[in-house]
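Lettered A, B and C in written order, each chain numbered from 1.
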Amino acid sequence: MTDKDEVLRVENLTKYYTSGYILTKKVLGAEDVSFDLRKREVFSIVGESGSGKSTVAKIILRLINPTSGKIYLDGKDVFSFDKKAYWRRVQGVFQDPYSTFNHFYTVDKPLMDAFSLLEKTSSKNKKYSKTERQEIIRSILEKIGMNPDEILGRYPHQISGGQMQRLLIARSLIIGPDILLADEPTSMTDASTRVAILRELLRLKEEGMAVLFITHDVGQAYHISDRAAVMKDGRIVEIGSSEDVFFHPQHPYTKNLVASVPKLHIKWNV
Amino acid sequence: MSESVLKTQDLKGYYRGTFGVVHAVDGVSLTIKKGEILGLAGESGCGKSTFTQLLTGTAVPLLHYESGKVEVEGIDIWNTPAEELRKGVKCKLLSYVPQSALNALNPTLRLREFVADMLRERTGQKCSPNEAREFLAEHFRALNLDEHVLDRYPHELSGGMRQRAVIAISTYAKPSLLLTDEPTSSLDVASQKRLIEMLLSLHRTGMIKSMMISSHDICALRQLCDRIAIMYAGKLVEEGTTDDIINNPVHPYTTLLLDSLLPLEHLSKDKKFKIIEGRPPDLRHPPPGCRFHPRCPQRTDICTSKMPAAVEKNGRSFSCWLYSEGDLGDG
Amino acid sequence: MMGIAGPFMTLDPDEYTGMRYEPPSSKHPLGTETFGKDVLAQLVVGIRNSLMVGAVAGMLGLVIALVAGGLGTYIGGALDEGINTLANIFLVLPSVPVLIVLSVAFKYRSLLVVAGIIAVLGWAGSARSLRSQVLSLKERDFVNLARISGKSNVEIVFREIFPNMLSYVFTSFCWMFGGAITAEAGISLLGLGPSMVITLGTMLHYALVNEAQIIGAWWWFLPPGLVLIVFTGTLLMMSSVIDDVFNPKLRGLV
């Protein structure tokens, strides 16, 4: 039974990384991961490094293939989709903005490249001229509160990490997906710019997008998301509404996690 | 004066290179009293790592000590010859654990061999790995660390374990002051808590009398420190007890910084997701007057041209024109 | 430089303009060789031809290395395995015997043919080093971003990965260039070099064959030998300087 708000459903996703041909070694990436994403919500996957959350992110972005399991987009099996058509519906923002921008080119390049995806998947063979692209880019930047003249034409090392992340969100907006996967988008940014990025994600949720927020920061996950899942050693150990997961955890791992996070207004009794 | 273990006066340190001159630490006066744990907070680029480095009396490439005094237990660090510093001050009085210390362990040596090398260098006496192990085993046990960690190679230990081992090794001589830079930043949540507990235990048992912890994680500092000092763009903006800073911040930057945090607590909706407009200044050309004024929602004319002096009142100090007379106003 | 401008300034290298084995004089600054032809003239033409062989072989080898090492590695899977194995075979091949066999197979060997042979035998080394670069760049986020923008493999390899490898590409070219010049000199020395054409190697070959060193006509074999050494040395130095130019982090410790 699919909930009419459900946009993505992940079922029993499992990934083993294998290396070597003769003496194969298998490393578990993720095991039996199942959850669903709904329209107009922010869903967080919280886990430490090695928990498998990045593996799940890469599979959902179709950057790697799962060993087994299924993903359904609007009820249709994702692996039967042409990849480009899929990427029009599902886009991503990665953790390290300095690594996400190719330093050889200006920051305009990923934005311009986004149009080529639109052109390749356009049913009407629509082509975007350079002026059209620039107009759209400018209007989107202004919409998210950035000044195009301060940003466009520069090289990555000339702008800040926070600005780069917001540009990457702008890039996704050009494509206009239904689902945005943000993989640790704030872990390499300052406290001041972190908030700007989170606010932008929340705004996208208000506009109807489903946002999958992957993080190790429990506080951020709680404040930004409606529902959340906690992963450990490749498995989901807890899943539910944010309030339930973080303030009334059931699983011992989550309980321990939540208790180990330093609070601001409450001092530990150590 | 004998009450303080560390005292800096108008300390300045700049980075000089082909890129120009970066005024990373531009006149910081800070005192750490004996027996207290001070947290140095601020975002990346504010100068806290540079400041911590300057306290040790060793400059790294490109960093130049410019002026100002650093006194550790009365010893003027920058006017003492390097040999004397090495033998007398380091490890005995002052121990510094830099940010990536856990990655600086030689991967080809077991920890006990690394310790043996270190002891040989510090004391000038021969020391075998087994002797080193014996020497440290008790210290490890006292800190609730498994002494068998010393028998391992660095890669066999988790990040959290390595960090704790490094701090344990750095404190074997029970220095009067421990300086650590971002001790928790690359660790997972459970390891962070264990590290915080270890630092508190070092302090409570009297092994390390005083500490300065520099970190951008204010929640972690809150759990650890008695006092917190906030740095911005190379200068100290506010300093006070942890309770005062967290519950009654004075400087606009402190207030905004605290508001931008998202701890795992229930926060009222209007207090969440507050942005600090703008970006930190380029320290090659710092703005005139108060360094925060371009981003300050409460700036006045005088803020743009003159630097506010530090004002001390009620056991705390701050540099802001809003309260220049020492009058905390209605707030 | 000498190779390009030279031939216009000196005597015709094929003409018999002097007596046999004349030592250096003002008419023949580097003397004459066994047939009375001017050595300097030959040297100049030889430099030009050697450089040409080097350049062509270098570029051809580089292109093969880029496509095989770069594109093949990026695409991965069986293609990558196959090319990697092929490269390993080529690396292990004893180049001199193979060169000899290939050279004999062609009755008339033009400069281009020789360049081609050298390239085909030499691409493997560069392919290996380029491969490791590609493997590491492949995991970077900007590659992932290009993938989810729907870019094709070819687009990604040429427009995302290669620009970040420029210093390696250039260094590889320098190596192949130098290696090709030396390889050409080697096979020419054995008499299997380009036919009817003067190169540094062929000069050495004829000098050797005519026992110039016994007669004492040092002006015949020493110049080409020295020039060869200078070339290879310069190219090696260039490849190490390149890293400074292309790596902004090394420039003034930014």
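We take it that a contact is a pair of C-beta atoms (placed from the backbone, for glycine too) under 8 Å apart; a residue touches a chain by one contact, two chains touch by 3 or more.
It should be emphasised that the depicted structure is a prediction, and the values quoted were computed from it without experimental measurement.
Could you pull out the chain whose C-alpha mean position is farthest off from that of chain C?
Result for max centroid distance from chain C is chain B.
Going by C-alpha centres, which chain would you call the most central?
Answer by centroid distance: A.
Need the CA-centroid distance for the pair chain A / chain C, whole Å please.
48
Rounded to the nearest whole Å, what is the centre-to-centre distance of chain A and chain B, using the mean of the C-alpha atoms as each centre?
Chain centres of chain A and chain B, defined by C-alpha means, are spaced 33 Å apart.
Any idea how many Å lie between the Cα centroids of chain B and chain C?
Spacing between the chain centres: roughly 56 Å.
Within their complex, state which residues of chain A touch chain B.
Touching chain B from chain A are residues 48-49, 160, 162, 190-196, 198-199, 202, 216-220, 222-224, 246-247, 256-258, 260-268, 270.
Inside the complex, what are the residues of chain B that reach chain A?
Within the complex, chain B contacts chain A at residues 43-44, 188-190, 192-193, 196-197, 200, 216-220, 222-223, 246-247, 256-258, 260-267, 272-276, 279-280.
State the interface residues of chain A toward chain C in the complex, per the touch definition above.
61-63, 83-84, 87, 91-92, 94-96, 99-105, 110, 113-114, 116-117, 120-121, 168
Contact residues on chain C for chain A in the complex?
So the residues of chain C in touch with chain A come to 140-142, 144-151, 160, 163-164.
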